[in-house]
Amino acid sequence: MWIADDTLGMQGKGLTMKQVKESTNALTRRKFLKGSAVAAGAAVGSGAIGGFPTIWAQEIKDIELRHLGVSYSVVKAIGDQAAKDLGFKVTMQNLDTSAAINRFITQPNSVDIADLEGWQAKLAVKRGVLQGIEAKRIKEFDNFLPIFTKGELDGHKIPRQGISPYEALYIEKPDSTELHDGVTEWLTNVPQVYNADPIGYRPDLVGHPVTEWKELIDPKFKGKAAILDVPAIGIMDAALCFESADLIKYGNKGNMTKAEIDFTIDKLIELKKSGHFRATWTTFDQSVQLMTAGEVIIQSMWSPAVAAVRVKEIPCVYAPVNKRGDKEGYRGWCNGMGLMKHLAGKKLDAAYEYMNWYMSGWQGAFVSRYGYYSPVPSTAKKFMTPDEYTFWYEGKPGPEEVKDPYGVPMEKAGTVRDGGSFVERVTNISCWNTLMDEAAYMNKRWNDFKVA
Amino acid sequence: MSLARISDVAATGVPARRSRAIAPASGRPWTFYVLATLFTLYLLALYGPMACIYILSFQDLRGGLVFPMKGLSLHWFIDLFTQVRTGDVKGSFERSFELAIIVTVLTVVVSFLAGLGFRIRFAGDTIVFYMMIGSLVAPGLVLGIGVGLIFNAVGIDASLFTSALGAQLSWTLPFGVLVMFAVMSRFDHAWEEAARDLGASPWQTIWLVVIPVLAPGLVAVALFGFTLSYDEFARTLQTAGSLNTLPLEIWSMTLNITSPALYALGTVTTIVSFLVIGASLGTIAFIQKRREARAPGQPGGAA
Amino acid sequence: MAHSAAFKRSLAGWAYVAPLVVILIPFFVLPLIAVVAASFFETDGFGGLFPAFNLGNYTQILTSGLTFNLYYETIKFAVLTWFFSILIGFFVAYFLVFHVKNQLLALGLFLLCTVPFWTSNIIRMISWIPLLGKEGLVNEAFLKLGLIDQPLEFLLFSSFAVVVAYVHQLTIFMIVPIFHAMGRIDKCVVEAALDAGASRFDIMRLIIVPLSKSGIALGSIFVISIVMGDFFVVKVMSGGGSASVVGAFYEDISVLQYPTAAASAVLLTIILVLTVGLILSFVDIRNEITR
């Protein structure tokens, strides 16, 4: 954290601020700023200290970091808090995934921190618009869950269908243009938020518990089902359904062959022609509307969307589609922060500070209250009440009413989180958001499905 | 063709007054009632869904974007102007509004000048005309990326009041110029000649004769300029720089939340537009009354 | 002499259109050149472009059944929207111009038609959902009145919903030019025709329509180019059940397939410029203002 002067809003709670206050008292009245990386650097060797100069408050104030990404990952409230704690300006900009990746590639200088999914990181690295992140300058790096750093959790190997966060994490050298399989000193991005997406359904209208993807394509839900209309991930949801119904066995759902794509799309077209899908949805908002307006009773859905339906006092359940052999499982996604190549000097230092702030817990707690997870739960825990942590991470009944990040009640006391504990959910991820090698072909076929 | 001549001459003679209508003085023809019904239905269809917006914006915390209504409160109006949860609705609204105003002004001025230009047959006029048509029909998404690439290559950061402004103008100007075509065909050159004969300079002719006569048309150009800019998505997507306009913000918000704050915004903009329109109509009525009081029998102004 | 007069005229013409040209060159012509160039390139599938100068992207598009289907869908929406917006726009303008005698009232009614347009497009579009949905107001009302016993599903997430949303958004683009074209028709002409014993139908056919055709042509250009260039309404209102030309290359762009997207964009531009040219061959709006 930045050791800031006391005009920068010290009312913030938690560890960071306490340290700030102590240090401010210890320092002279001149507004002196010092990076926490000094402390981190001291642990790993004196080299890091030289690379991290002391910065004057005045200069820090002129720095502006532009963080761009999708709205569920790049949240204004988080940016505002970061700016308050760090003393420089943070501008959060939201675009959809498609517009965002195009911005990173075609106007790399107009962004400082790129918010990337694994597949976007792969593209951005290939186009050379990112710079490698020095792992040892990320303070909490050693406390990261091994899902990210080693591709495993509690001894379970995390599946690598699609592009897993681990797969997209490392590059060999700071300017490499290919991802590297295996641990190195250089990162493409710092993971910051992730989750596991399943099916959502209306228990009152479906009438029985749903635990398998094949329910989504069951003829009894004809005209009452919906699927996600973002080709790259919609096709994976469809694949999970077809695999679950034993219609096909994929080599890699996250990187299908042309024949597999053809089979999947033809099957989708067949379903569409039979009137199975009431609609397809593109945005969170649409999926919530479909469910609350009674248009659809079962659909592939994002987990906070399920919660959003419940906030409207309409019953909705996140189906625990736990893995059964090679079938079922959640589709995982993860967003991380990448550093654009043009960052240098003080701005680069500020960017590192910003990423370290992200990992220090405030943001982790914030996204957790939304139903997502932090890659460093150990720091997020410090910013959550024990009850909150019990509910969101341990999968046990929350003794108190559960509130969302803005203090709006979400669940009554005693509710258990759908899908169970963190470990249960994450170890049941069977594939990750992706960009297939045959993406162009897949898009074309997806459009065939749309116009059919 | 001869009819067009007649109408031109007549329109010049009585530019503003619509003192006589088709209807005979005795009463309204049956077509009036049919068309009045059609017009009412059109307004109903126009405002029907808007009414849903207005009603649903008064829900409480639990409110969604569809019926049934959940509670009754001003929560989403407060949310709109205070919270950060819903994205930066207030900021993006202000930016979009400012940008739309600038686009409107430039569209009116540039379209007006281009309209004057196209009255003259000049070498290369067809090229300019079809360049404009191309700009109207070319897909904005792709052009936007192109503009972004060019700015990046030149080393200027894309931003609202440079790249986005230009990209939006490339969309609003063809509309503006084409509307000027409709408007100018109503304008008789005898007016200009008369002004010139009376010793007016070209600028005086434009300022004192052309603009007042074309004023209603310029208002239409302004109307198009504003709505097209305010709603523009495709061209702005890659040219807005690091601050979103309202459509971009709304679109990216819907990826994450579902909030009647959007509806609250619809309600607020509608109330504001009614106030503005009411005020302008009131002003026009007031001015007309005063003019009529001062010079009875004179046609009331050029609009 | 004649030479220098023509030169002077050209100079004056260019001076007037200079601001337009100055804006269109960097914001339309240059990006268009980039797009045309990209349409001949090849890609590595990861956003990288290589000059190839072959027609591969075009042959791929032109020989694909998908292209045909996409154009069919998009043209269908454009034609339906055009038809209904002309129908409504023409008569609304006619009513305001010829039937509302008080000019201030006419202006007020006209502005009333424009108020919804100050609310963002996206909001206006999604506002149809509470009205047309399965549990929406229309279905509720019909159910209560006993007109139906099952909610009508075609109201939302259908081609019907797409056309409704387009007509809702775009009729104003028809009303404005027709309103202006009609405004210049002198009522004396109409009255003279009435006195001469012309029927209403004749007046409509021989006077009103011919004299407002420039407005109709302009409105048509606006409506058709907006619908053909849009993807948003189709995406949301068809519930993803339909696709559009621009929607398809939006998906291409999202996975950085620039060359095919560029080729589709060029193709669409050519088709639309030809369409506009066709409309203008019926109504020469240029000629009407040239001195």
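So that you can tell them apart, the chains are marked A, B and C in the order they are listed, and the count of residues begins at 1 in each.
To be clear about the criterion, contacts are C-beta pairs under 8 Å (C-beta built on N, C-alpha and C of every residue); 3 or more make two chains touch, one makes a residue touch a chain.
Predicted, not measured: the structure shown is a model, and the values here were computed from it.
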Which chains are joined by the largest number of contacting C-beta pairs?
B-C
Remotest chain, subunit C as reference, centres from CA atoms:
A
Centre-to-centre distance between subunit C and subunit A (centres being mean Cα positions), rounded to whole Å:
39
CA centroid of subunit B to CA centroid of subunit C, Å
15
Which residues belonging to subunit B are in contact with no fewer than two other chains?
65-66, 145, 149, 251, 254
Among all residues of subunit A, those touching at least two other chains are 102, 286, 289, 293
Can you list every residue of subunit C that touches 2 or more other chains, as numbers and ranges?
129-130, 133, 135-136, 250, 253
Complex contacts: residues of subunit C adjacent to subunit B:
6, 9-17, 19-21, 23-24, 26-32, 34-35, 88, 91-92, 94-99, 101, 103-104, 106-109, 111-124, 126-131, 133, 135-137, 140, 168, 171-173, 176-177, 179-181, 183-191, 194, 200, 203, 207, 210-211, 214-215, 218, 221-222, 225, 228-229, 232, 246, 249-250, 253, 258, 261-262, 265, 268-269, 272-273, 275-277, 285-286, 288-291
The subunit A residues in contact with subunit B across the complex are 66, 68, 70-72, 76-77, 80, 91, 93-96, 99, 102-103, 106-111, 283-286, 288-289, 292-293, 304, 308, 311-313, 406, 408
Under the definition above, what is the set of subunit B residues touching subunit C in their complex?
3-4, 6-8, 10-11, 14, 16-18, 20-24, 28-29, 31-32, 35-36, 38-39, 42-43, 45-50, 52-53, 56, 65-67, 109-111, 113-125, 128-147, 149-150, 166-167, 169-170, 173, 175, 177-179, 181-187, 189, 216-217, 220, 223-224, 226-227, 230-231, 233-234, 246-247, 250-251, 254, 262-263, 265-266, 269-270, 272-274, 277, 281, 284-285, 288
Contact residues on subunit A for subunit C in the complex?
97-98, 101-102, 105, 122-123, 126-127, 223, 226, 229, 231-232, 272, 277-282, 286, 289, 293-295, 435, 437, 439-440, 443-444, 446-448, 450-451
In their complex, what parts of subunit B are in touch with subunit A?
61-66, 70, 83-85, 87-88, 145, 148-149, 151-152, 155, 157-158, 237-238, 241-244, 248-249, 251-258
